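Letters are used for the chains, namely A, B and C, taken in the order the chains are written, and counting of residues starts over at 1 for each.
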């Protein structure tokens, strides 16, 4: 761990009302984050995305969020006004979503979407905003920023779209970035490029990163620390370098599912799920 | 990799131009066949259904010699495909025959009455869109709330109410009881002789000439029928807006917009509605076309001298040339609006692709 | 005891391993019904339509007076009272009785239009969808052309040529209302055309005629029914509009639209003559709209509540 504590999460719960009663998607998640890279791993439905959204304050209105503590840089996120919460979003805490095909506004040019983030949080002139947006596009390694600036999202590839998304979210210089499956929708060939860009920017700017993914191998190679979630709970927190010594059977199960070159795996291992882990 | 991507993106720019050209081409084909279809149907109605089209035009008391002459004049001795060819040729020249009732060429009559209908339908659509779009947006944003329920009931009644009946009740209340509006007509008789219209849209003409007393009078005549048509279009527009907005609000880019820290106002009106606006253009255009048609009943109730009243008056007098000419006129504008809205949709949506 | 039977019956219906085709079908119907009846407005719609059917069936019992013969001497244009709930018209006829009998004509129109227009649309759509190629292109072009027409004005022109009358009004409305059905039937056909079971039937040597009739048409029925129900209100309004213009039902038939037309002359002084039939049209159209919305939401969960 390095530096001061950026985010503190203690006993976070997210509850959805449904026709059949209350469903807890997140059930008492606790962790803290400094200026480091934290991976949250779990299957779909494990509550990892809802954890990220709860930190952002993007939980759907019908759901309820509660926590003993949910603090960002010393600010209690649950007690500040929605307006204050909003002024943090996209400014000091940012989020990257899964698929640029759906998460970029289809009828607005990429440049305008980047500028929109900037001008929401900072009073800058139009010309300056444009300069900074172009610089940001350059920073995510888009070769011809001036041209991409005027393109619509459907006119660029998935990889370029995701880099535009990163540019849109990083342009204000946030301290914490939540990346929710940022590469799962991309072609395998460009996944690594996008990850490298993200990694470089996070390192250069000294940001904290929460990397949400279902891919344990990716997370372990990319993050400093890993939180493993199952059925809305944290089953294990471990340093990425010590993952091989993981104790929890669920984590071990996930590890065992990863194919390794040179090893024949027959039959394919099946994930073990025991109800008591969720209890 | 980046180079390849850049090239691909450059290729897409010209692909869009091709897409627009090809949709223009298809637009023309569709426009021509649809218009021919309309003429085929009116031809069928005018020449095939009546047992004797000559009698339909002349009435059954015409002397035999006149009947025979008219039969030749109408080309009824020719094979029907040739008749249809002549019919289409005449229609393209704007020749729909002579009205028995007014003794004018039907086309001249239509030119005279059409502005009144356009004025009414335009005002109705403006009312419908100005109220309907925000209502639909609010209903979608506050889904399940009181305003959503109200919007739903208002919309359902709009879908279910006989407009001519509502018009009659409106007259009883606002004209007879409250005396807020003027009697059914387009202008008071006083002004019929002193006022010279320029464009045929009285509100506009009065404003241009600075005759504010005429403007006020015209307003008092048009406000109720326009409000009724506006209600019909409001019902449709608000319902469609709500459904489009619900669709957009569920998209991921809305989450992204919120993650950027945008205000709800900006998220809803700046992002969701902007996306919904593309299909909304079609909806508003369709609603305009429907009002043109709906004006037939409304004009009858309010003695509004537009194309609808012209058609119904001609109907009552068995003036088939006028009825069919009016049908073609409304049909043509209706088709044109339909097709243009489709074209506009393709032009407005940056995602337009070939095919 | 009875609570237990109900419980087990429900379990039988909701079983995820139905033992017979009948059980599966009943189970599906039950689930749809539960979704439908959870929608209060849809139930209201259904009640309105049931009421319409009852009123039409028992008009003779429910109507206190004759719908066509009035008391010209003593009962002209009376205001609503205990004797005449909705007042009387200019020929001294009881408006309530005329409305009750008018329910029959409303049903007559919607049922006839549905019976004529839906099969035309079904036939055009399934043939176009199954045949594909040029047949499809031509049939759909014709459908689109009809779809681009102004319906009311066209119906007006048709009736003008055919001559006024309720049968001709029905015909005119039917001619202008089949295209959406063709569209729906074609879309449904396209989704099943290349499915394996159609291939299997083809291999067994079934003729295209038989395939379309026995294996494709039945699949289109449920979406068609929803659409027809949603269109009922429009049909009623168009028929009433034609009646109002004097092109639909002719006097002395107690058709609601025509009743409004005859009340129009007295609208400023005896407003009730036109008010009651219009309210009847509004309520019945509303009923069909509510019912159609509910059916769509219950039978087609994909469409959500749009």
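Heads up, the rule we're going with is that a residue touches a chain if its C-beta (ideal position, glycine included) is under 8 Å from a C-beta of that chain, and two chains touch if they have at least 3 such contacts.
Here the structure is a predicted model, which is why all the values come from computation and not from measurement.
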item	value
Topology of the chain contact graph, where touching chains are joined (line, ring, star, complete, other)	line
Contact-richer chain pair [A-B vs B-C]	B-C
Distance from chain C to chain A - Cα centre to Cα centre, in angstrom	52
Intercentroid distance (Cα basis), chain B paired with chain A, Å	50
For chain B paired with chain C, centre-to-centre distance based on mean C-alpha positions, whole Å	25
Of all residues in chain C, those that touch chain B in their complex	141-142, 144-146, 148-154, 156-158, 160-162, 233, 237, 240-241, 244-247, 257, 260, 263-264, 267-268, 271, 274-275, 277-278, 281-282, 285-286, 288-290, 304-306
Chain B residues touching chain A - in the complex, by the definition given at the top	1-3, 5-6, 8-9, 12-13, 251-253, 255-263, 266, 271, 274-275, 278, 349-351
Of all residues in chain B, those that touch chain C in their complex	30, 33-34, 37-38, 41-42, 45-46, 49-50, 56, 156-157, 159-166, 168-169, 171-172, 176, 242-243, 246-247, 289, 292-294, 296-297, 300-301, 311-312, 315-316, 318, 320, 323-324, 326-327, 330-331, 334-335, 338-339
Residues on chain A engaged by chain B in the complex (per definition of touch)	56, 58, 86-91, 94-95, 97-99, 102-108, 116-117, 120-121, 141-144, 147-148, 151-152, 154-157, 159-160, 165, 168-169, 189-190, 193
